[in-house]
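Chain IDs A, B, C, D and E follow the sequence of writing; residue 1 opens each chain.
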């Protein structure tokens, strides 16, 4: 190799930050804690940027062998880091956005106790996330994979004194574990079939055997998908993400919007060689993606908690990325991943800024009219809203459009995907503008609060001590609603800019751009199979599709404008009319309840009644004590012989004597003469 | 002349009667007597066999048994007296303080 | 030269220490300091093994072999290989842990406690290091007594009853075990493991399959009870929850599993392969069963007990798949279990010291009051649920991936256990440390960790991490120990099918 | 005929007799109510002398004396040493447990001494007549000793029970001798053996054998002839129980071995199955009966029945190993049982203040030494390694399995598992905190004799458990005085295994 | 002649024994036992053991039975009352005794040794030769036995103070 990049430093520095803050943070002053944390987040970013400029001189993929992790006679796995184009993109996103959010948090969490804990966890997350993207083998990737899960568990449960938070954390971890279960099985299969888990090893073997189609590759791919659905909150395992909003808002921005939840997409892209061999798996991915995109979007329409709306939109956007992977157009998936990281992080941060401003309130019904009070937040948020709902030339437009376009082109059932994607786009535009209007327009409904209107977090307020730690509102009511400090606004602005221009890296040739990111990733993915037939002459098609989707977006905006700005009384009417549908969606299709009833409750019931009650206490315990009592019962009989009466003793003696005599005489054993 | 086995059978009968007496009699002294009876039965066997084998030792054995019996009688009766002192009954059925 | 008798030294230093304890005056401080010193010395001695272990050298090392009794040919034959070496070290380490855990708990009758405690150490080291089956059996039985007495004297309220249960449970099968040993002796005229091993390997099918079947079964059952393997775990939860922490740490797992590998795989490979299907089934059942029951426990120690059952079933699974990785993983797993489980039990013990109860319903929000306790609880828990970078993950991955080749279905089921373990462990954490503070927690003044507790637990936590990252350092030796067993030539005389 | 002076062959017996007479002569010199301890010490000295004499007998060449009525060989000397040892400890225990106002201690010591002499005669006699007389001496003296606790109503009861049933059994034994005399025309053990080996086997011999087994089975309290044991042990003074649960039993076992292997080896086809059943019955009845016992002496009585069963297992082995194992087990059992009764009789004193197991609750607190010792003996009785009890069991069952009695071994070891249950209950009691008014608070401090006794027994148990080599060699030597019966063992080795396997 | 005597006195024995069994009063039982013993003495004579016959009469009927009677008188034991202490004695014991008898008789009959007892008289000289030469040791040892017996009797009969 030419020059060592010391990739290992990239994850290690955040880990160092975690150790320092985690062990000593309790004692250190806040300033120092935040400095450490920021440095630990900044340095990797700097290094990544530096590496970016080195790229020219290095043959990719570039691999660094740090050491052996597991070695047995049959199998071994190393601690190897690898850098290639995909990793590069991910690194930039993770470290970049990560750093910004660190900065933001310094302001947002300023008044929290356990400040040090928060930053320690944040650094820990960075560490695992970076391991995840840098790993050169599935096992190491799995380290990051579970590690980010752990970090998110810790951060969601940051306000551990709130039951809801603790529950959400646990739920997130366990649901993710279900995904990891798939990942593990996939790895077992790989070990079984390839004898190794390193990317190079596995992929080269697959490449060498063109005969391998579907079969066990499908099995591996499908198990991987199960893992991905867990991490990326797709059907059927998306349920943890909305609850995860219990965590502090920066966490939601970093982990549950920008980075961690995209790990699933990254993993599928990473393993695309396997997926390419398994149409079945790809179809499954596509279906999951589109279903999730649509389904989550519909739920988003009726949510009133600002963060939950964003959560469902995240799920829905991730669905888009899955669609992209499903149609084997990984590049567009990654592209959307990047843009989404920008605007979704921004949305969350802005929402956080709003919440922060009005003192921990998350219920949109009690917001409104904040436009003037929070100008910066408003404008940045606006940029993000336009980006996500896909107005040109905002970032979201290009990436989402690319995905829809690829879907449309893809041979198997692409049209359907495209259609549903389009509808989703409409809904997305609708609920995002709904959020936008409800938050910033109209007059502030914050004064006339009746408790019954309030959502769950408001209930939490009833216990004042909780809220003091729960949300930073000790000054919220003090001097009324106010703009957040600059340290929070700067990241907003930067991300705002990015969500405007971020999409330009992928302007399709049809619109006179030259899809830079796609080309950048080409060496990894090659040209998406769908594109092959469609490259030339399809400019018109591309443009028409773009036009259609834009029209749909505008439609969505119009509806939102009418319902939530022009005629605010209408929604209630609709709700009354379509009552059934309304309640169904309002209760998120009762999925949580169904899961609870179908999986959790039976498990607990079986465990406690059948296993514990019947088997453990009944059979096993019974057998133990039963035999004990039996023996001592026989013992009682043996004692009965001891009547204490000489004559009866003599009787036994006589009988015994007779028995022995007869036994010996007629008895067993050898006969004589 | 009488075959030895007749003597043996006689002794067996006596012995068994002794056993039965031991089982049936209630008075400790009588119970003890039945033991003496059993010993006598054995003695008869010895003598009979001594006669059959022309062996003096058989008869001497009987002689020793008598001595032993005497000794046992002395001790046994002493014990019986002790029991009578502590319980003031001679009924074996009432000598069952210890059981189970 | 002392180092020629290093094993003897290791085994009998604790015994000598115990003897001294018996003579010491009844001053708690003196006695426990003395015991601490003794166990530190023991640990130091055990460290001599890895320091001078010759890798790549097959067979046993540090061997001592003298005739003990001539006419039944019983030898005093000690030795260690990659399989038993780390177990000896672990025992030494845990003896220190045990002393520190009992430091404050044991005030009354400290003399008896530490006397039997040290005796227990001797017995366990003896089990791992003796190569004469008779000698082995002596230590095996000997290990029951201190355990039972300590449970009876120092256990929670139901101590004596539990002690009895434990003793009977383990003593009855080892009676049949003894019969099997004697039968082997009657047939081969030797108790010596090495000789016997060679003998049985060189002329297989020498004895009728039926006889060997029952002999192997007698061995297996005796060990399986001690592990415990699924339906034989009746004693486990009682013992774990009633025994003094120092004993609960060592009662389950390594003794039985080690013996299964050493004897059932070593002496009776064919029979072991015959038992394998049943054992694997039981392992997986036990694994899920333990996890499920742990889910609904309200008593912390019982939860731990069933967690242990579940975690140990992994080992059984790994052992009976006869793949190198599986065996490596199994051995590594029960070493890990020894450390993490001990740590968790220690933590539970500390909790009990502070609050006098382990009923999780009565806890809540403790993390605010005892942050260090909470931190270590979480770390240990994560290690136990096999989070990557912790020791548990390496072993579980090795076991599962190693066993996958033979038994897709079972491994699939076993992997579900990974989900469940996360479930009950995190729920346990949540019920104790998270949520609003319970009245008991607020009322009771409870100090956070004392220096002793820090000294005790942080090294263990670090160890869990280090063992998770640098596993080859340990597995190298283990690998050497078990690889011979995994792929030794076995002509499969299947007794059951023959019938 | 060798040139050894004949008296040397019965030296221990002679010594004991003299000592006994001496005691009786000195006894009247003590005023009534004065302490008789000095007599006790004389007895101890005499016993030590006898022990020394027995050990000295090892130097003698094997041979008979007094016209072939006695025979000193490795076998008899082995049991001489054992029995004198037992009696020595028993005497020490007596010295510890009795006090000045106990009545008639002079006779007490004398009886122990004479009784021991009787047992010694039993072990060295090869003439059934002498065996019979010796048996009577030991029995009668124990009958009397059992009745010595006149204060309690139980003691005479146990005496009368022991006496009546004992004589009852003796009658059977005697009948047995008579019939075997009738079968062969002699009462000399070895001659009987020779005669039976040559030529056909008259039925009389078989019947005689059966009756002899019955008589001796009673003496060793083997089921179904065990009924008397619990009652007698409960009523008798603990020191006496210490003696009679071991000494006469050892002697009786010696006689049984002598007769079975000396006189009736050719009939093994008949007595092996019987002993098999006796062994199994004794083990089960003993252990199961003990399970629910609340009275400690009764519990130990049941346990002694069970141990008789273990010992009988060795008899079936039909091999030198078997005899050796039996002899060794006799020693091991004696050591631990005398030991535990030493503690019991000290704690309960002569009049049994502590009777129930609960009464022993917390003894380990009152006196760690006593509690520890007792626990130790109990553990040895369970048969935990590094104690005599374990090695005893080990040898016994090895022998059994060697001759193919796998099932016997399995049953036996299962029994030892059951036994653990009730022994441990006592251990647990010893180590639970005593209540306010629990009787252990009044347990006196250990006295010098007790300490000696405990040291002796504990040392013996440990030595037997850790370095049994020497003693085992002696047992082996003792066993080799009889040609092991090497007829193909009734059951081929792996048969029980496979045929059960087939089920 | 011999045969007749055997039957007469054999009959006496059995009759006495049964009488011992059925008499309710110890004295009567004792007396019937004496009958048994004396007639046994006659049988001894028939078997040519005069010395034993004499000893039987003197030691047994004389000494021992006198001792019994004496004790009976001393404790003035009355008629024994039929208490029901034990079912086992009947349920188990009697069959046992019967079986015993059966087995023994069967053995003696199937023994086949129909060796007729020739009339051969042991002369006391030879008797004493064997006793004081071959059986010297047992003879001496019996002295211990007697000593023990005396001791025991004294120790037990002595009243507590």
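Quick note on the criterion: a contact is a pair of C-beta atoms (placed from the backbone, for glycine too) under 8 Å apart; a residue touches a chain by one contact, two chains touch by 3 or more.
Nothing here was measured: the structure is a model prediction, and the numbers come from that model.
Listed by label, the chains touching chain B and chain E alike are A, D.
Touch-path distance (fewest steps) from chain A to chain B is 1.
Centrality annotation: C (chain centre taken as mean Cα position, compared with the mean over all protein Cα atoms). In this assembly, A is the chain whose CA centroid lies farthest from the centroid of chain B. Chain centres here are C-alpha means, and the one lying farthest from chain C is E.
Averaging C-alpha coordinates per chain places the centre of chain A 102 Å away from that of chain E. Per-chain Cα centroids separate chain C from chain E by 70 Å. Inter-chain spacing, taken between the CA centroids of chain C and chain D, is 42 Å.
In whole angstrom, the spacing between the mean C-alpha positions of chain B and chain D is 26.
Along chain C, residues 168 each make contact with two or more other chains. Listed for chain D are residues 129, 133, 136, 140, 143-144, 147, 150, 159-161, 164, 168, 203, 206-207, 230-231, 421, each touching two or more other chains. Shown for chain B are the residues that touch two or more other chains, namely 8, 15, 18-19, 22-24, 31-32, 48, 52, 57, 60, 64, 68, 71-72, 75, 78-80, 82, 92-93, 95-100. Screening every pair of chains for touch gives A-B, A-C, A-D, A-E, B-D, B-E, C-D, D-E.
Chain B meets chain E in the complex at residues 1-10, 12-21, 23-27, 29-30, 32-34, 36-37, 40, 43-44, 47-48, 50-52, 54, 56-57, 59-60, 62-64, 66-75, 77-82, 84, 90-94, 96.
Taken together, the chain A residues at the contact with chain C in this complex read 26, 68-75, 139, 142-143, 145-147, 150, 153, 157, 160-163, 165-167, 169-170, 173-174, 177-178, 180-181, 184-185, 187-189, 191-192, 463, 466, 603-604, 606-608, 611-612, 615-616, 620-621, 623-624, 628.
On the side of chain E, the complex with chain D involves touching residues 103-104, 107, 110-111, 113, 133-138, 141-142, 144-145, 147-149, 151-152, 154-156, 158, 160-161. Here chain C touches chain D in the complex through residues 69-72, 111-112, 137-139, 141-142, 144-145, 148-149, 152-153, 160, 163-164, 167-168, 171-172, 175-176, 178-179, 182-183, 185-187, 207-208, 210-211, 213-215, 495, 499, going by the rule given at the top. Interface residues of chain D facing chain C in the complex, by the touch rule stated above, are 364, 368, 375, 379, 384-386, 390, 394-395, 397-398, 401-402, 406, 409-410, 413-414, 416-417, 420-421, 424-425, 427-428, 431-432, 468-469, 472-473, 476, 493-494, 497-498, 500-502.
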